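Here come two complexes built around chain A, the first alongside chain B, the second alongside chain C.
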Partner chain A sequence: MGLVGAAAISGVAVGFVYGMLAFSIVLLFKASGIPNFAQGNIATFGTFIVYLLAARTGLPLPVAIALGFLGTAALGVVIYLGGILPRGEAGTLNLAIRTLAIYLLLFAVMNLFWGVGQPFAFPRFLPAASVPVAGVSVSLLSVVTVAVALVLGGAFWLLYNRTATGLLLRGIADRPEVARLLGANTARLSAMAWLLAGLVAVVVGLLTVPTALLSSDMMDSFFLYAFTAALLGGMTSLPGAFVGGVAVGVVSNVVTVLRGQEISILAIFALLIAILLVRPDGLFGHGVVERL
Partner chain B sequence: MKRSFWLLSTAVAAVFVVAACGGSGTATSSGNGGATAPGVTSDTIQIGTTSALTGNVSGPATLTTNGAQAVFDKVNATGGIHGRKLKVNVLDDGYTAPKAVANARTFVDQPVFAVFGGYGTVPAQSIVPILEQAKVPYLFPYQGNPYPDTKYVFLMMPLYRNQTAAVIKEAIQKYGKGSVYALVGKTADTPQTVQVAQQATTDAGGKWLGYDEVNQGTTDYTPYVLRMKQAHPDFVLVSTTPTDCARYVTAMVAQGALPAKRILGLQTLATESFINAVPSEASDVLFAPGPNAAPSNKLAADCVATVHKYSPNTQVTMETLWGCGTAQVLVYALEKAGTNLTRDGLVKTLEGMHQIDAAPVLTPISFSASNHVGESSMYQFTSSGKQLASAGTMPIPDVKT
Partner chain C sequence: MFAARAHSRTLPFSLAILAALALLGLLPIDQGMRYIVVLSMAWGIAAVGLDLFSGYLGQANFGQFAFVGIGAYSITALRSEANVGVVPALLLTMALTAVLAAIVGAATVRLQHFGAALATFFFAFVLFNVLGGNTLDPVTHSENGLAVPPLSWGPLDFSATGEWLYWLAWAMLLAAVLVTSNYANSRAGRALRLIKRSESVAGTLGVRVRLAKLSAFVFSAVVAAAAGLPLSLAIGYLAPETFHFSNSITLFAMLVVGGIGSIAGALIGALIFTALPQLMQGAGAAEALLFAVIFLVFAIGLPDGIFGLLARAWQLAVRTPPGSRLAARRGSGASRVHVASAAPGPAPADGLRGPGGEDALVAEDVSVVFGGVRALDRVGLRVRSASIHALVGPNGAGKTTFLNCVSGLLRPTAGRVVVAGRDVGRSPTHEIRALGVSRTFQNPSLVPDLSVLDNVMLGLYGSHRWSLVRDLAGDWASRGRQRAVGEQAAAALEQVGVPAARWDVLASDLSLGEQKVVDIARAIAGGSRLLLLDEPTSGLGDAEMGPLADLLKRLRADHRLSILVVAHNIGFVQDTSDTVTVLDFGRVIAEGEPNRVIADPEVITAYLGVAEVGAEVSA
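This part shows the complex of A and B:
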């Protein structure tokens, strides 16, 4: 397989990273109706927690990761309860700006407390091995990334389709007013969505940090691509987030190897505009229909 | 008698007015309370430093600042320079141009006598025009981009394009002829760097395979590694920020795409922070020049002792020693500039330095009116088992583009 094929395969792998981050953005959008611009920095924050526990306090990495999940899930809930829920009826623009402020706040906090010494080399948790896939050498990290993304997608499918909580989450996503009238505690469910998004963010951070190295701005370019993926797939479609992520990853990597970085960026955003012109709600999204 | 008194009083007042107005460089220390230049008083010399105390190069940047501060603390503890203590105002630029520009304007307004040190090309490029226009000496930032036609900018390490040519030539001599591929971060000097790398490769009998140009801050380097891998190079030259170099090299290992012979780099690779950030498979095939001796080298002993004494919590690394060495050169120049310290006097003093060993940890330093780059040779470094190993020095001749 030639260069283009290899780039496409590596694009699938990085696309699943974009997809997982996009997934967490869509998860929150469906639960609370706002695009969360802080999601990338939540991922970085969670990765910092794991790093600090493992590298500076000497905890075993699995314990540090477990505590990182707990801490970031708690952070997600705190952000929701402290920054989104109060005056939550203020409108989408107000809430979106709040998430931008949270993005900047988290960035400032990371720089303030852990800014010195960046970037940090994260403790290696996978060997630097590669495996052949369709004649192309693919890093073990990429294989693990795809596997984790598929497991994560499956777990959320089960949650949404096989549990009462999942049904309620779908309910507030699709018909929040109806769900509320039927007695669903939307605040509790939204808090749960932020908790879950925090967990997914840590997964994304851990799968990114071995190659990106740990710094406050580690997720910035990933977030840009992930948000594009979410828009491409449709902000209301969880599977669409993965499809959008893989599409962005493949287009990005293939165009980069053929025409360079600048053309690659141009191609991705041209693709996004084209898709949104043809399908305003993205590839798999659906518009909101209101009864007049 | 009364008329004489008034004449005398007027004359004394006129002397004070002239002295005060001439404070920008022509006054004497006795005429203005020791203020011979902006940022200089009878007992202090104010220096400004803009560096990345936060952000993704803050690790090495902080070490350079700490290394320099140890020297300044030592000088101050032993009486200062001609009785003046060095006061250093260090501001954080986070390795961003806007913050660096704001810091430079602060220094001009404060005012400082000179701006010293700092880390990286991005801040340096952004503040050179401001400092040059304000006639504030800008000394020894950790970067190797050229600033032609400037009077007040002095660099210490050889230019990147000269390092590039030298490291390719030395590598081919040392490890045998072979092909070269390059990854170059985008800067104003990139076209010249690429041209020089290509020329140096063919001049040394090697084969130039091509290059990739990337924006600094790129996080996924896999596509560039795939392009490089397809070319099967013997040598890969990496020339961008330390973080980006580390990301690229880490992606190389992940893709099983290490070059057949060596990874070549500029001074940013001959550092402990780079060695520690990349897998050992990659660090073991490194070949790069460094602007100063390694901590284990006896030439670094003075700096190591200074840092241990005056900044005991600072780790002694290549960057720390760079900060220490360049600060020693600044101190040397300030002493030579004399009591009646002026900015133009400092420039003249620096331009008069020829093959001076002002800092043992650096190579001999020469400046002139037409040459504002101090070092013309560098140390060679390889790495084994996550430890930098010095292998002598190499000349870094000036390459015309």
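This part shows the complex of A and C:
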């Protein structure tokens, strides 16, 4: 196991972070057909809430994290109700443009009110220990990340397969008109999806800050990588998002070790273009047919 | 697809704004203000170019500012590192950008859904990292950046503090507006608006969709690169941060707020967004917040932007529908067009009597399989020349799928589709159109924001040789051709009986019945041998059905047109058709003369059920 092997293993862990962010993007895309360009900044926003509560008002970290989840879930719902729901039939591209505006909006709010003196060191909540896994020393953060991702995936599997709300969420994803005809309140379900996406975003942010300093732009590369992962997974497949995330994580880490960060960004860009050209429906997606 | 519609012939508005900018330049405004206006004009150049791609073609490009960065760096590096003169540096940069954009665009214009949006965004992110990285360090000097050498020509000082930079930026903006406006209002621009409406429809009308999209992408990138010249001279120093990828979003925001698809709106947006910081006294973060809020409010509530508001106000004030200036100009003159002189296209009769014999269309054993579903199962069908052949069957029987096979939108899994003696099963749509196959769609697919005449002119896209260079040069360069095409389109409209008074009406203002007839005119303009009609009767009242039947019979008799028509109305089929084929679950269950087929017991049980003959069968 040389440097490349170690990079690949840490790539799996960071890949699960991309995977979770991709997961939240797919969650929204399935529920409302919107590619959310603001999802990375929602994660940063949530992490800022936790940081400000813990570091500046002195709340205990668990309380701060709980409030962070609450606040970001609320933010997701507010974004949906204020930015997406009004005139929501305007078409995918118009809605994508709105999420770009929300991207700028969240970025500006963070810079204006909390940005002075950034980047910040986030309070440590995991010991910097490492754990031996199959003879290789792996950081505790990596192990925790993978565990959290699996628990999250499992929880969502239960939600989608074992609860009425989950079934309805799947329903509006696959056949929105039918779900509406059957009496599903699609606005409420979409709001629910944005709420859930907000919760996942905080998890992503919290698993990112132990290795990156907290700043308003910390998710920029993450969200592009996560989108690539989501597309690789097929954009409509929740497990596919994790598979895509791990693939992107491993490629990016290995190329970074071999050729440096700049080339690694190029490699992921090339990967994105290749997926879009060769398999636009990703590994697990299904195509859409135009009605004439 | 954007909700916003595109506007035709907005040049007067753009020129008014440019005139105002010229006046401003003559006034003794202070240095700071001049600098702001120069910057906004540089942004305006990029925004105008982007409008062609996003406003008229309807494609997202969230990374356009990357091309401004490439332009600025390339021009500056050529001037400072290679001592190239400014004009060759600009031209070389534009050529370089064209090549690069062709490579990036070849990939992105194929992408569906939001793929292009994401890919272009990512591209800007990549460029930002490359500018600050080591790979191109000899050229970009990485984080250290590039100093822009001052520029002067004789007594004219074009540097940031010089008097003449303002006029350089102004002249380049004027050029960008003129060329983009020519593009948008030419045949190529109308084709872009058709692609925005539907790529499939554009293909069946003979547009080479990917090439058209790629041309628009390359064009907008080259214009953006040119904006790099005034921008670099104004700021005097290039750093990666100047070309941060979020600037691409700001550029797009300018377009949305100013009014996408109008060119003049791009100018308005660029001016507002660069003038605002001046008004706010440079409160950086607060200003960014205000931008974002304005952007969001417009994207939600006013997707037409400021120009859309102005256009609506103008219409209310003048109380005339858009395009009426044209009506006045053409006026009754339109009726003087000689139908005979503009007889549609390349002699349809010849092709029919070719080696293929008497049949306009022969389909043999055509099968189409979607996943596990057999949409068409060994369908055989023959359309004799100068005859009307009806294709009937319940919903989901495969009628539209069959039309898609003939027009090239779909490749049959097996079997042959022979038109004019040639198997077209694997041919691209524009080649099939060139053989004289044209079609209409179930939902009339006119471009809503173009006039009736402009829409029909789109049908002539494939039948003439055009050059994009002439289109960019303006009306005068392609006037002869435009006139010929206009006359052919007028002839087609007369053939189908659309009164000249309706020719300048926007397609979105037509009734459904009118739209269907205009769709037919567009299909037969420029000469059609085989006309495929997909449910021309659906949604029509009885009063509109008769004239439509008469029209089809007239086209058959007068122009020896062969027609394959999908219809549900049995009375209409009996009235018009020479022969009928009945499809059920992708298989042919009966064919022959209408009256005999309709009496066929298998047809009655499988398709008509117990319905009375002559009743509207609505599935």
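Here, the second predicted complex is superposed on the first by the 288 of 292 C-alpha atoms of A that agree within 3 Å, B and C clash if a C-alpha of one lies under 4 Å from a C-alpha of the other, contacts with A are read in each partner's own complex, and residues count from 1 in each chain.
Assume contacts are C-beta pairs under 8 Å (C-beta built on N, C-alpha and C of every residue); 3 or more make two chains touch, one makes a residue touch a chain.
All values reported here derive from a predicted model rather than from experimental measurement.
**Student:** Taking the superposition on A as described, I'd like to know which of chain B and chain C A:111 touches: first, second, both or neither.
**Tutor:** In the superposition, A:111 touches chain B and chain C alike.
**Student:** Which partner chains sit in contact with A:14 here, chain B, chain C, both or neither? Use first/second/both/neither.
**Tutor:** first
**Student:** Please work out whether A:212 is in contact with chain B alone, chain C alone, both, or neither, and reply first, second, both or neither.
**Tutor:** After superposition on chain A, A:212 lies in contact with chain B alone.
**Student:** Does chain B (first) or chain C (second) touch A:196, or do both, or does neither?
**Tutor:** neither
**Student:** Output check: A:221 vs chain B and chain C. Expected answer is one of first, second, both, neither. What do you get?
**Tutor:** Touch partners of A:221: chain B and chain C.
**Student:** Return first, second, both or neither, reflecting whether A:130 touches chain B, chain C, both chains, or no partner chain.
**Tutor:** So A:130 only meets chain B here.
**Student:** Based on the superposed arrangement, let me know which partner A:256 touches: chain B (first), chain C (second), both, or neither?
**Tutor:** first
**Student:** Scan A:3 for contacts with chain B and chain C and give back first, second, both or neither.
**Tutor:** first
**Student:** Does chain B (first) or chain C (second) touch A:121, or do both, or does neither?
**Tutor:** first
**Student:** Which chain A residues are contacted by chain C in one complex and by chain B in the other?
**Tutor:** 111-112, 115, 220-221, 260-261
**Student:** Can you list the chain A residues touching chain B in their complex?
**Tutor:** For chain A paired with chain B, touching residues are 3, 6-7, 10-11, 13-14, 111-112, 115-121, 124, 128, 130, 137, 139-142, 208, 210-213, 215-218, 220-222, 252-253, 256-257, 260-261, 264.
**Student:** Please name which positions on chain A make contact with chain C in the complex.
**Tutor:** 35, 37, 83, 86-87, 90-94, 96-98, 100-105, 107-109, 111-112, 115, 220-221, 224, 227-228, 231, 260-263, 265-266, 269, 272-273, 276-277, 280, 288, 290, 292
**Student:** Quick check: in the complex, which residue numbers of chain C touch chain A?
**Tutor:** Against chain A, the touching part of chain C is residues 1-3, 58, 60, 62, 107-108, 110-115, 117-119, 121-123, 125-126, 129-130, 133-135, 198, 200-201, 245-246, 249-250, 252-253, 256, 285-286, 288-289, 291-293, 295-296, 299-301, 303, 400, 404, 409, 441-443, 445, 534.
**Student:** Mind pulling up the chain B residues that touch chain A in the complex?
**Tutor:** That would be residues 53-59, 62, 94, 212-215, 217-224, 226-227, 230, 243, 246-247, 250-251, 253-257, 276-279, 281 of chain B.
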